[in-house]
Amino acid sequence: MEAPTVFEVQLTNFSGPFDLLLNLISRRELDITEIALAQVTDEFIAHIRRIQAAEGEWRLDEASEFLVVAATLLDLKAARLLPAGSVEDEEDIALLEARDLLFARLLQYRAFKEMARQLSARLEEEDTRYARDVPLEPQFTRLLPDLVWKHSPADLAALAARILAPRQEQPVEVATGHLHAPPVSVREQALVVQDLLRTRGPLSFRELTEDAGSRMVLVVRFLALLELFRDGAVSFEQPAPLSDLLVSWSAGDGPWAVDLPHDVVGGTDLVHSEGAHHG
Amino acid sequence: MDETTPDEPSPEQPADPLDPLPGGLRGAVEAILMVTDRPVTDAQLAAALHRPAEEVHAVLVGLQREYDGYTGSGVRSAEPASPRGFELRDIAGGWRIYSRKHFASVVAEFVLDGQSARLSQAALETLTVIAYRQPVSRARVSAIRGVTVDSVVRTLLQRGLVVEMETDPETGAVLYGTTSLFLERLGLGSVDELPRIAPHLPGLESLGEYDETTY
Amino acid sequence: MDETTPDEPSPEQPADPLDPLPGGLRGAVEAILMVTDRPVTDAQLAAALHRPAEEVHAVLVGLQREYDGYTGSGVRSAEPASPRGFELRDIAGGWRIYSRKHFASVVAEFVLDGQSARLSQAALETLTVIAYRQPVSRARVSAIRGVTVDSVVRTLLQRGLVVEMETDPETGAVLYGTTSLFLERLGLGSVDELPRIAPHLPGLESLGEYDETTY
């Protein structure tokens, strides 16, 4: 079993973002409470990209679940990369809360996963015993009360139509039950960033996000910035160590095609926040 | 009681898988008899257990006597044990465990208590699939309904609504079909008169009623 | 082995129908166990046999030990008998006869549909969360697993492993719980017998808060 192929095989088996995260963490033999976030984040993003590539199509609701975790991770990674020492900042506190929350949920998930493993072992063991389940002896069958039958042929046909109909896949629909914040589009935020940079020149990230109404917009704007950077539409400059990063527009004055094909976290440009509570 | 006398395995024979088990051959035979849902023959048991039919037959006869309250040829035969509540019978070409006749009255009381005169929703759905797909195997019905249907098919057999029609020549699976009693209940002359399945029947929701009435 | 000690029938009581039968109460219990296709409770047996539930319970426990190869408190206890090929188990709130585990391989050939299809990892995890958090809404299970569970819950419903228990009075969400089939498949008597999850949950107290805030 060579490592790379094993990995490819496992790709399709993850039953969710927590599952994937736990796997990444255990592969690196990291304690869940002391994850090297930056590394895991990168791997996480890389993996979900590969999963999508491998699977072709993805159920949108499933993808959105991954996006929630990916966004949180990115957020935390960003916080790590930012200069330390400004913990009084409310945003930093919010990030710390987000981290604790993510870890708590991961720990909880890990516990259930362990129990699932135990139940599975039990089920397997139970499968080695067979219950006595035999036809009733004729002498007793004869004693059964007469069957009350009140179904018409039409009833039966209706029932048959329901049971024998080819099973239809549920319409693809993004489940929003887990969302509290309105969806924010990377594409939209890229346009906002473009607009700001073109009209007001080089700006710091802080300035670029001054008007972000929620933490979600903040995160998505950050993602949009990464996208723009990847496409060479913006450039970064840091005048002095630990000083604010300056972002400037470098794609020229022509109309820049906002084309974010399959961006950072998937084939959808919707990024959701699960956390209205710490916004 | 000791049917599992150590026998000399011939050199080319693989190690007997039953010997190391507590209960040995006797236990294995009992295990099969307890859970199989049709009579089994000496030959079937012998093949499954990799033992000569005569040896298996001897075990069966021993078990039969034991269940009837004879403690075999051992030292303890002087003290008669009481018969068990079940008996091993060799009928219709096979062995099967039944409840002992003496207890028929209490068993009947137990069986009749809580027996429903109606088909459960599960039974009705299974019957419908069999009616429209006959002859059909249990595995196929199971696949269509998404659940195991063994005990439900058994109920339908008991009720005389379905019957074992034939055996799939390829897979050997038993194929089921509906009976004339079924047609009678529906007031139909033949299976061909079953209404055709409309792909999208209006008012399908009204089927919810079944849920009410059948449990 | 002698559960059927002659009891004095009170004058107004009808003569006990079991006493004259060879095998007495023990035999009657065994006979009923032979015909039931689901776990049967002490109370059901007691009702069918017109005996106190405690007495019936004692007989059942005695049978269980006997099948396992213990010869009870009698004189012969010195010589251990070999276990029978079947066992009597008390699970999902009732008693039922099973083939003994050791003989799984030989029995499998005789049991038609055999093992039920395996659950996917997703189904297994979802089932676990429902088992430990019941009654629980899909949204809550979803939040714990980090993915939507709608289709998986549908599978579990179809398999009869979970059931819609009630509706949350506040949110109107359907709350799910596990079934007796689930207990049967796990060989458990009740949900309380599930292995404890607490040791695997670090800082349970603080997690409580998260439960509040995250959904």
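By letter and in written order, the chains are A, B and C; residue numbering begins at 1 in each of them.
Going forward, a residue touches a chain if its C-beta (ideal position, glycine included) is under 8 Å from a C-beta of that chain, and two chains touch if they have at least 3 such contacts.
None of these values were measured; they are calculated from a predicted model.
K.L.:
Look at all chain centres (mean of CA atoms) and spot the one farthest from the centre of chain A.
P.N.:
B
K.L.:
Average the C-alpha coordinates of each chain, average all protein C-alpha coordinates together, and give the chain whose average is closest to the overall one.
P.N.:
Measuring from the global C-alpha mean, the nearest chain centre belongs to C.
K.L.:
Which integer distance in Å separates the CA centroid of chain A from that of chain C?
P.N.:
Whole-Å distance between the two chain centres: 38.
K.L.:
Between chain A and chain B, what is the gap in Å from one C-alpha centre to the other?
P.N.:
The answer is 49 Å.
K.L.:
Could you state the distance in Å from the CA-based centre of chain B to that of chain C?
P.N.:
The computed centroid separation for chain B versus chain C comes out at 22 Å.
K.L.:
For chain C, which residues are shared contacts with two or more other chains?
P.N.:
Chain C, residues with two or more chain partners: 33-35, 37, 86, 97-100, 107, 111, 116.
K.L.:
Chain A: which residues touch two or more other chains?
P.N.:
Those would be 130-134, 136-137, 140.
K.L.:
Provide the residue numbers of chain C that touch chain B in the complex, in ascending order.
P.N.:
1, 17-18, 21-24, 26-37, 40, 44-45, 47-49, 69, 76, 81-86, 97-100, 102-103, 105-107, 109-113, 116, 155, 158-160
K.L.:
Once bound in the complex, which stretches of chain A touch chain B?
P.N.:
130-137, 139-141, 143-149, 151-154, 156-165
K.L.:
Name, in rising order, each residue of chain B that touches chain A in their complex.
P.N.:
34-37, 98-99, 104, 107-108, 111-112, 115, 117-119, 124-125, 128-129, 131-133, 144-145, 150-151, 154, 157-159, 185-188, 193-201, 204, 207, 210
K.L.:
Spell out the residues on chain A that touch chain C in their complex, using ranges where they run on.
P.N.:
Answer in residue numbers: 13, 15-19, 61-62, 65, 69, 101, 104-105, 107-116, 118-120, 122-123, 125-134, 136-137, 140, 170, 175, 177-178, 274, 277.
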